[in-house]
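Heads up: the structure comes next, in structure tokens.
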Amino acid sequence: MMKWVLFVPELFYTLMALVFFGASLSKKVDPRRLYVWALALAGMGLLVSVLFARQEGMLFFDAYRVDLFSQVFKVLLALGTFWVIFSCSELKGINERQHAEFYFLMAVCTLAMMMLVSAVELLTIYVAIELSSYSLYLLVSMRQRADEYVETGIKYFMIGVTASAFMIFGISLLFGMVKSTYVIDVVRVLPTVIAQPAAVVGLVLALSGFFFKQALFPFHIWAPDVYQGAANQVTTYIGTASKMAAAAMVIRFVGFSGGESGVLIKLLVALSILSMTFGNLVAIIQKDLKRLLAYSSIAHAGYMMIGILSMSQRGFASAIYYALAYLVMTYACFMVIMRIAEDGRNLQIKELAGLHKRSPLLAMTLMLGLFGLAGIPPTVGFTGKFLVFAAALEKGYLALVIIGMINATISLYYYLIVIKAAYLLEPVHPYPAVYVDSWTRYLSIILVLAMVYLGVFPDQFVALTEAAARSLP
Amino acid sequence: MIAFFKDPVLLAAALATSLPFLSMATILIFTRHNQRLSASISIGAVTTSLLCALYLLVTLHSAGAPVQYEFPWLLADQLLIPFGYLLDPLSLLMLTIVAAVSFLVQVYSVGYMSGDPGYSRYYAFQSLFAWAMMSMVISPSMIQLFIFWELVGLASYLLIGFYYEKWSASQAGKKAFVMTRLGDIGFFLGLIILLLGFGNLSILKMNEAAQAHAISPHLLTLSALLIFGGVMGKSAQFPLLTWLPDAMEGPTPVSALLHSATMVAAGVYMFSRIFPFYSGSPEAMTMALAIGTITMLLSSTMAMATYDLKQVWAYSTVSQLGFMVMALAAGGYFAGVFHLTTHAGFKALLFLCSGIFIHEYHTNDFREIGRQGGRNLVIPMICMTIGALALSGIFPFSGFFSKEAVLGVLAMQPNRIWLLAGLLGALMTAYYSFRLIFFMLFPKGGIEAHGGRNGASPGHGGHEEEHHGAIFWCMAVPVMILAAITVVLGFSQSPLEHFLVGKAATGAHTLAVEGGGSHAATEGHSPVHYMVLISAVSMAVGGIAWAWLEFGRKKATQEGFLRWLPKIEQLFARRWYLDDFLRKFLDTAIYSGVTSLFTRNDRRIIDGGIDGICQFTVASGRLFSFLQSGMLQYNLLVMIGAVALVVLYFLM
Amino acid sequence: MSTEAFAQMAFWMLVGLTFAGAAIAVFPRNILHNVLGLALALAGVGGFYLYLGSFFIALMQLLIYVGAITIAIVFAIMLSRPLHLEIPKRAVPKVAMAAVASFIFFAAILGVVFRTQWTPAVERSTDWSVETIGHLLLTRYDLVFEVISLVLLVAIIGAIVTAGFTRRLSS
Amino acid sequence: MEMAHFPILSAILMSTILGLVTILFIPDDRPKLVKQVSLGFAGVGLILALWAYFSYDVQKGGLQFVERYLWVKSLGIYWFNALDGINAPMLLLTSVVLFTGVLTMWELELRVKEFFAFMFLLVAGVYGVFIAMDLFWIFVWYDVSLFPMYPLIAIWGGTRKEYGGMKLTLYLLAGSALILPAILYLWVQGGSTTFDLFELAKMGFSPQVQRTAFLMLYLGFGILAGVWPLHTWSPVGHVAAPTAVSMIHAGVLMKLGAYGILRLGMTLCPEGLQYWSQLMALLATIGIVYGAFVGLAQTDLKYVIGYSSVSHMGIVGLGLSTMTVNGINGAVFQMFAHGVMTALLFSAVGYIYDRTHTKMIPELGGLSKTMPVASAFFIIAAFAGIGVPFMASFWAELLVFISAVKTYPVRGILAVMGLVVSALFMLRVVQKTFYGEKNERWEHIPDVPLYLATPRIILVGVILFFGMFPKVMLDVIQSTVIPFVASLTA
Amino acid sequence: MNSLGTYLVIAAALFSLGLLGVLQRRNLIGMLIAVELMLNGANINFMAFNRFLAPEPAVGQIITLFVMGLAAAEAAIGLSIILVLFRRVHSINVERAQQLKG
């Protein structure tokens, strides 16, 4: 007997997708009305995922597992989606005729990611990840009036399908070792055969698909181009919600080996260091704000990996916390970008000049968000880094932590450049005043408070993430 | 608190030392703009201090043992830093001298400094000086002594650089401070070593312990030598002596106060203060003797080559200080202290007289003063001559007695060279002082008309004449008092000796025997002593006569024998190239050596290294960005290559 | 020649066919040749599926791949008229680097294949029937089955929207 | 866990945070009000700090005004604030410098609100570090105190402000790249159950652990403490920073570094200290001498002060490295004394710079004639820097040098020699800047008005008060240091 | 019949050949074709494991089936994106797409 109640969030998003599918069929729909609908539905979706956050159980012949881990990530996904849709009021990057499809793809993508975090069967995982990827390819390609960015879609697509080919090849090797597609079997069998090359190579190749989603070095190569080339809202979506799903999957997959393979951990350590260093170094020379954030996201994938490779419950919990922190901080930055570039253009760093006068609130939000990304207390970003590093040091990775901290210092440099632009530079030619409606204002204040609150009072959230980590198979 | 009022001695000591401080604070904070009030506050304070000092002197004249008060000021772990008063004959004597000279100088300054814009500041600094000096004098422990010693240095810095808008004045102040500080480093280290080795810096305890051989000889010698660094700095001993002549940049009364009677005497005072301690270390004593001798001879020669009125006295101060150090180092405790006392009197006299001349003629060149009719200022001229006679050691002036005592001590040294050096010094002293006097008395080429006192030159109205008069007397009275003291003081030798040596049970007298074996120096009139007496007097007279031959008599060329020895004159006038050496050392070793090396290192290597790391980081960012070439397939190649290598790695 | 040997020979011919097709799909610069090569290679792979015991999947291979995907590609080629465009020269360094990377990967996978001890499952069922596949599709892989329809829906809508066949064309 | 008392330490911290929040809610067009509010909150902090300082029970010693709550259960983080003899002077120092700093900036016109907001944030961090006794919080507050430096310097600064601000911020935060790992390392070594400083101190880590952790802490905090050769941010940053920021930064923030070494490094890793103390002493000595020599060649007033800070912080380092009661007494005292003194120096220079728009020594000169009071402040501070008796730093230097000569004779003597150079360069600056002929360029400049003189007078008063009555501070300091050193050697 | 190893090697070779195509083809459609080859390589793996190792022969077949479905969807999406690019720049040469870099 299936307990459909466990599946309510997913069903809700299916419904949402259907609504917009219907809307896309009708000839003429007012974009404002679509926006209101989307916002309402996304809000309800968030509500639903929160309401069903404490559900637990198995569905679809044990292929689908609803537990605290998955539900936490579902809430994060719903939150990210809600925020992104919230900031779609001026959806200038997308052709007005395609708004319905835009929301449709967004809903489908969220749905796919929700399935991804709950799926405990390799084929389901693969199909879910492909579904979400396809939606994203399409979303990225939808950007309007983007001649200079037209190559983005094809690049994303090509890299994506190559990575996915690697992934399915890796899954095939895993299948050959484990002879089952159930994660529970994988977790049971894999540590015993981890000495076999096929097992560990299969795991690594399978992981590459998630690394691709997470934009971990060397699977990061799409990230800068896509961040820069996609419409602002889509970039935000990729940078926030999509990252959550990827983080969840990486946590789950890395856990497969049970920490038995020292070689694998060494590899992950190397990837994490490379990712941090590469991301931070290249970010220094960026001019485009979104591209800069792309590189910073590469670096953050590395930080998150530090927590994951600790292979301990505290490590996974810290990675979850870090994901939460990353969601909030990145969204704060992107919200400011979207607000300032209301016509959907890309924002250069120097265009932030004089922001503190044009909109002090946004400037402050941006500053806190960037400081959070840099890991400066008392923001949530610091607490995230702290937890991650604590977990890593428990396993004795002192050098790794020091490298991570040095990287945090390097990253501060380019974050400060952005902050400098917002707070110091006088605009060369007068940029228009930024219009901030009251909802955005409330949201900024909430974000600011959230970043500080989560950073200063992390106790309950840490407890939550630890419970979530415990519920991993 | 109540203890203060119950004990008049303590009260007097506290008043004497703290009133000048209060006066300084009051002047600086409240009465900066009221000159007259400032002066009266300061003079009032110093008068009270003088009275207290005299009261203490009288009260404790016949107290058997030293009176000591100590209050714990600071207790840092085991280290106790007390604050208090040690009242024994030596400190009482010095306290009185300091108070008296300060008093006279301050009175004198009313006239000398009148009309100066920094009048109030001047008195504030004077009070600061008086406070520091008097507190230093009656310190019961070396730490307190050191603290006030430093403060004295500060006060002298401020007073020397009083005319701070004059470059040379501020330079001189700086030089004085830094050079004395150089010596103080030794002092400080010596104290620390002593503290660590011995554990107590109470003067009485130190002296007792050294006497009882309770301190290991190595420690004793080491710390004594280091502490002597302080003496070298403050009392301008070789090689730290060049700051003193430069310090004459300050107002003349300041020179009188600081650089004749009191501040520079601090070094000698400190030496005598822990004289028993020093006598525990023959090595240290010998070194001190040598340094004193060198100082005395060098500065005497320098005085022979200068034409600056104040500098002559400055050099002579240095040489007399050398003399005192010689006396003390030779074991003549009383001789040294006695010479200190008499010297304070006649040197203050000399400076104050010079001040009158300088004030009048606005020049420091004594040839110029003589030419303009310096001898017409009768009172100062007489007083100055008295001072010069005392300085040269002519009976019956005070200098005669003290110099005899010193030479007597030197004569007791087994090595005759010290005595010969002393006699040579006496000769030169007489020569250069009378060189100056004769220049002023018998100017070559007659006297020009001077618009000061006696001329009716334009620009000097009657009113100003009167004003001048008041000022003149304001300056003249202290001078005359000092002259009187100079005449009289010499005869107080035996009561003073009785007071200083006879009473102090642990005093220097018995120690002197051990230290230098100069029993006769204080005791008696042995044949040696007479011989010394005769030779000393003949040296003094000879010096005067020599000066007369060259400068005084009618046909004198007033050129001096040095004129025929230009190289040597140059040597003397350039202070044996000590300053040049110092400057050279500063320029090459410090400024363009270490400093510029360090600075360049700081900018280029340390800071440049940091900047380099940053630039390297940015550059490597640029470099790595080539990985993100924009070419899809190259990017893919990177990715796939990495995957392939990873897979290969897992096979290994 | 026994059946077995014949089968063996046929197998190697199939291999040759497949790789010939794959090579044609990859190397020539004429895109139509590539498509034909792809069709050939895919058909060959379908043959392997026969050898591997699944007629059903071999059929599907022909249907989906050769039937659907290849046709779609041909349509795209016609829409984008690449044949009228100049054919760029080969960049030798790029090809060389690509070959090296691919070869390293190939060699690495070879190593994996031969170094791993492949152990069959203890109990092996022999149920190759299509019914079982259908049963499983509706039970264990139910969710995937649903989702793949969604995937296709997204693909269709997305392709239409992205490629510009929007209401503009229809209306 | 006594909780009956008023949480005065949290209240001090809150005075800045509340001040910050209040400032943020003041409209932009009321700069005057911002200043008044800032002064009010700074005053509250000052009063509370004075209260805390003077009600610290010297006889009882140990930790007082303890506030301790569990903060994050799973990691063992506590909200743990307490006062002892080491942080009490630091707290006082911070409040004094903040109060005077606010007054010093009374004439600020550019973006007043933001300036004071950032400044309060900065000081909140400083207070936090000083009162916290939990490693997590110490680190949090430490970072909080650093990052506002960037906007403060880059917006309101002077010479090469963006470069200086960036360099300073990055350099200092690079230090935390070692501190955080060290803290976590110790936490892990202590069983990952608690960040409570004193509970960790009881764990007794193995010598190897202590050495590693101490070195990391020393280098990390050493950057902020201006340890040679990690000091070069100091001159550059100080030159770039606006007056009040320089005051707080050189006056208080640099102490944070030394405090961190003392509080974290030395408390947790006594054996590590033992192992590295030779190095510490060596670097400190080099710093003392080197700073003085380099200061001798500078032509920018603020550079001079920057290098004098390097030299003086060397004294702190030397004192700490001796591991004796008086060495540490002196080091803590020197932190306080140097803080007040440098604040005064910067504040004096700040006034001169505000009026003349130059701080190049060759361009100045003869300032004493035109602004005697303003010059007097600088000169007094310079004398405090030289170590003239009855200025607070004299006692500190005395104690440090006594211990240093005892523990490290050669290095101690070299350091004492450095005093001559430091006197030379201070006096050189005084001479060239304030003495000499009246400079016509500055003739029109008025002397300090009373409202701007007040903060400087307060600082002079503090210097002299603790110079005259060192007991008031030393008793507090050693009430903690004596048992601390006993535990070091035990 | 032939051993597991043979099929695995064939799969690996096919996959690598596809990889080569992805890496060196300039024609985007050519790249897409190469990706299809890679997916087929993976599919052969599944089928081979299914034949020689797996406990249930149905599972591998089902996976292969789904991968084929995904490949079809992928091709559709890829081709539509390629068409977008073609409309804008009138080329399907991948080397035309290198505006974004650094």
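Order of writing sets the chain letters: A, B, C, D and E. Residues in each chain are counted from 1.
The rule is simple: a residue touches a chain if its C-beta (ideal position, glycine included) is under 8 Å from a C-beta of that chain, and two chains touch if they have at least 3 such contacts.
None of these values were measured; they are calculated from a predicted model.
*Asks:* Give me the step distance from chain B to chain D, shortest route via touching chains only.
*Replies:* 1
*Asks:* Which chain has the mean of its C-alpha atoms lying nearest to the mean of all protein C-alpha atoms shown?
*Replies:* D
*Asks:* By mean C-alpha position, what chain is farthest away from chain A?
*Replies:* So the farthest one, by centre of C-alpha atoms, is B.
*Asks:* Go through A-B and A-C and name the pair with more C-beta contacts between its chains.
*Replies:* Higher C-beta contact count between the two pairs: A-C.
*Asks:* Calculate how many whole Å lie between the centre of chain C and the centre of chain E, each centre taken as the average of the chain's C-alpha atoms.
*Replies:* Here the centre of chain E sits 6 Å away from the centre of chain C.
*Asks:* Determine the centre-to-centre distance between chain D and chain E, using the mean Cα coordinates as centres, and give it in whole Å.
*Replies:* 64
*Asks:* Measuring from the mean C-alpha position of chain C to the mean C-alpha position of chain D, what distance in angstrom results?
*Replies:* Going by mean C-alpha positions, chain C sits 70 Å from chain D.
*Asks:* With chain centres taken as the means of their Cα atoms, state the distance from chain B to chain E in Å.
*Replies:* From the centre of chain B to the centre of chain E is 96 Å.
*Asks:* I need the residues of chain D touching at least two other chains; which ones are they?
*Replies:* Only 170 qualify.
*Asks:* Hunt down the residues of chain A that sit against at least two other chains at once, touch-wise.
*Replies:* Chain A, residues with two or more chain partners: 123, 127, 130, 134, 137-138, 141, 151, 153-155, 158, 162, 173, 176, 179, 197, 201, 224-225, 282, 285, 413.
*Asks:* Pull out every residue in chain B that's touching 2 or more other chains.
*Replies:* Within chain B, the residues that touch at least two other chains are 614, 625, 628, 630, 632-633, 636-637, 640, 643, 647, 650-651.
*Asks:* Sort out which chains touch which and give me every pair.
*Replies:* Contact pairs between chains: A-B, A-C, A-D, A-E, B-C, B-D, B-E, C-E.
*Asks:* Can you name the residues of chain C that touch chain A in the complex?
*Replies:* Of all residues in chain C, those touching chain A are 108-109, 111-113, 115-118, 121, 139-144, 147-148, 150-151, 153-155, 157-158, 161-162, 166-168, 171.
*Asks:* Within their complex, state which residues of chain D touch chain A.
*Replies:* Residues in contact with chain A: 71-75, 114, 136, 139-141, 143-144, 147, 150-151, 154-155, 162, 166, 169-170, 173-174, 176-178, 180-181, 184-185, 187-188, 192, 212, 216.
*Asks:* Under the touch definition given earlier, write down the residues of chain C that touch chain E in their complex.
*Replies:* Against chain E, chain C makes touches at 7-8, 11, 15, 18-19, 22-23, 25-26, 29, 31, 34-35, 37-38, 41-42, 45, 48-49, 51-54, 56-57, 60-61, 64-65, 68-69, 72-73, 75-77, 79-80, 82, 85, 88, 90, 94-95, 97-99, 101-103, 105-106, 109-110, 113-114, 118-128, 132-133, 136-137, 141, 144, 148, 151-152, 154-156, 158-160, 162-164.
*Asks:* Residues of chain A touching chain E in their complex?
*Replies:* It comes out as residues 123, 126-127, 130, 134, 137-138, 141, 147-155, 157-158, 161-162, 165, 168-169, 171-173, 175-176, 179-181, 224-225, 228-229, 282, 285-286, 291.
*Asks:* If we count contacts the way the header does, which residues on chain B are in touch with chain C in the complex?
*Replies:* Where chain B meets chain C, its residues are 633-634, 637, 640-641, 643-645, 647-648, 650-651.
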